[in-house]
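The following blocks contain the structures, represented as structure tokens.
Okay, so chain A shows up in both of these, paired with chain B first and chain C after.
Coming up: the complex of A and B.
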């Protein structure tokens, strides 16, 4: 199949699915499945006006801050752990336990510690989403070709350069894979933490709409969350493609 | 220039001691091209790595310009066998070549000039902005050679530098090496498993015995320079020297390895 045919299928299939949903919901006359047009209408009414600032923005802010902390702390700690095998051996069981712990399980503790503010949510997101980045960084750094490190030693490259230009870059395919997993975890934990204890946010809005029987509104929030995840992933893939340009031709 | 005294290397794992190199001593004159050959497993790469300061001998001493080697010496270039693993794929050819200079030479113009000179010397001036993976294997190895030349080394170490390329490219790279050696005038120690190559390139060929290795013999190569693939290899002296090296390996090795 040619590229053009594939692209056509890629566009036509989702379009057909949307059409099917529109037809189904407009005829179903169901309380649970309001007409798609109604959902889209309430999406425009709610999310493109006042809630953009009151709920969407706070959610995105939490996500961005938490994700940034995950990346910086995860990559930093991963590099240190990978380069100090003894520390890694000491920490590994604890890390494995923390990684296995479901993020939302810590929400009660988070609320106890920080109340229901932003700090709690960021705490929950970071504690739940940092692990793929940290573990992949460790793997990536351990997997750096010794030949590159020999080269660096022979030419007496300074330590910081070896870290930034060789080790980090060499490990970047693994790190980025971890960052992608962490991105979807970040969205999940953002929603969950907002549903459990919050006064604003997209997750809060969806739950609130359901509790006030505003079903179209609820669906519009779900639609928004889907879009956020989809677009975030799309943006990430574009970034990854640029960052790993050197891997394409190998 | 380079002096190796009673070099020995033993490995210990789970209580068993493997003696790779027993006693190897030799010296290399300023500007000389020494080839090191020997049966596989004779520790020739270990020896080179130790001269490079990447490994330590179990006993013995290595002196570069009278200074004992404890870490990679300054003004040394190294070309490894596996070009694809020693170049950075996320940097262009010229960035790869310039990388060691960035932390060695303060003046940016000087760095640029040295990079360009090195790329010109290996015939890659037109590929400065390419990435290594856009080049053939032989060209990638030229980049590695250029990187070594850029630091203006007094000592160039090469570990089976042409083992991973096809025969045609290999011959080209051999001639290229002789050419840059003449231009830059550094001392070269080249490890190879190819006897023809060692005779074709070297001023002397150091033959190691099978492990635990010692120096089997040192063969002076009295072939005239400049050498070229056609005439030099048809010289009857070339055949004699080749036989001499081969029999030295044969007498001291378990089985004589093939020339290629």
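Coming up: the complex of A and C.
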């Protein structure tokens, strides 16, 4: 089996799947599964015009802010915990409890504290998505080769250099793995928090479309959420490749 | 990430990193307990002296007391049963579907490349995006919850099964061919044992996803279960009840996670990656 044949299969099969869906939905004449062309049409009508500013942008903004907080706070706290083993041991049961707690269960708590504004959503996303980053940072920093740290001490490297060139770099593959998990959690929690308590956002408008039985509109929202997840993942992979360029050189 | 700990073979002589964490010394147990106690006491004090407003956060002791009281009510056990029903049936369905699918797709390059793009597109789709569709199709019935739980927990198991099959040592497969063991024997004695740890990891990841989706369906859609009760408690300003239920959810998630870790260890005690830890 040559690589070219496999590549051809890889391209043709998804195309066939899309075609099958298009034919099935246009023939089925089902209320729940509107024709694919209609969904694409309503996607263009809704999401590329008014809703772009009123719903898509606020959602993206919440996601970006919350994700940034997750990365900064998660890596920071993870570094501190990894360097102070006693504190880590003391905190471990609490961290394990918080990590095991499903994020959406905290939404009512968030609503109680902050109402249904942006703060609540960012709070919920951070509380639900920070754990993979934090835990992986701890593991990554713990896994730094002690010989490298000894060498740094022998050469009297300044702390800043040790931190950025040795600790952060050796831990970065684990940190990035955590960031990837956190990214999909961020999207999920963004959608859920918008579905439960919001007046705008993609999650809110998808559920609203369902409640008003605007089926094509609902499907276009699902398509959009799928695209957001897919593109975010793609962008992250590209970022990871650049950030970890040194790993493949060896 | 969990994969690396399972598959990485440590060089002889170096003690496994996890050893120190497995066997806790007395001082560490003490430290852990004091950590929990410290946080609880600090919270209690901050609330008692009104640094944290009581309207937001009732004293921790009251939450625990309400939680223990709740254990005596039938409504709590009914909620728990509903949540666990969605969790267990959804996870079971996902396993039954994903393990054979993953093993089939991973076993040969043709299906692997045929499905790669489709899987890579479907997997990052946030499962919660399908909530409106599920509600449209089944309302607030159990099916809605099951559909969401099954869809979300399907992917990790599928991926682990797929990678597991692809990681089977080709030399071992060649040995089965040399000895003419036949397809079934090769599957039974080589493919299955090498894939099992991967599937076990997938199951553990999916277990927590399944619980999260079960709770999410209850909160967003209003399917009966712990999630709905948390939402109702918040809406009716029964703050202590709300926290007691959130506490119960966290303990449930933690309990299920430790249970799966235990089962994984017990079922795979023969596997090299687990044997090393015991030595």
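By our rule, the second predicted complex is superposed on the first by the 241 of 250 C-alpha atoms of A that agree within 3 Å, B and C clash if a C-alpha of one lies under 4 Å from a C-alpha of the other, contacts with A are read in each partner's own complex, and residues count from 1 in each chain.
Quick note on the criterion: a residue touches a chain if its C-beta (ideal position, glycine included) is under 8 Å from a C-beta of that chain, and two chains touch if they have at least 3 such contacts.
Note that the coordinates shown come from a computational prediction; the quantities given were computed from them, not determined experimentally.
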Thinking of the overlay built on chain A, is A:22 touched by chain B (first), by chain C (second), by both, or by neither? neither
Which holds for A:158: it touches chain B only (first), chain C only (second), both, or neither? first
Of chain B and chain C, which one touches more residues of chain A? C
Which of chain B and chain C A:169 touches, first, second, both or neither: first
Where does A:108 make contact in the superposed view: on chain B (first), on chain C (second), on both, or on neither? second
Going by the contact rule set out at the top, does A:60 touch chain B (first), chain C (second), both, or neither? neither
Based on the superposed arrangement, let me know which partner A:177 touches: chain B (first), chain C (second), both, or neither? second
Where does A:94 make contact in the superposed view: on chain B (first), on chain C (second), on both, or on neither? second
Based on the superposed arrangement, let me know which partner A:73 touches: chain B (first), chain C (second), both, or neither? neither
Doubly contacted chain A residues - partners chain C and chain B: none
Per the contact definition, I'd like the list of chain A residues that touch chain B in the complex. 145, 147-148, 150-151, 153-158, 161, 165-166, 169, 245-247, 249-250
Per the touch rule above, chain C residues touching chain A in the complex are 1, 17, 28, 31-32, 34-36, 38-39, 56, 109-110, 113-118, 121, 124-133, 135-137, 208, 211-212, 215-216, 219-220, 226-227, 230-231, 233-234, 239, 242-243, 246, 249-251, 253-254, 256-257
Applying the document's contact rule, which stretches of chain A touch chain C when the two form their complex? 1, 6-7, 9-11, 13-14, 17, 32, 86, 89-94, 96-98, 100-109, 111-113, 136, 142-143, 174, 177-178, 181, 184, 187-188, 191-192, 195-196, 203, 206-207, 209-210, 213, 215, 218-219, 221-222, 225-226, 228-230, 232-233
Seen from chain B, its contact residues with chain A in the complex are 52-54, 71-72, 74, 76-78, 80, 82, 85-86, 88-90, 99-100, 102-104, 131, 133-134, 147, 151
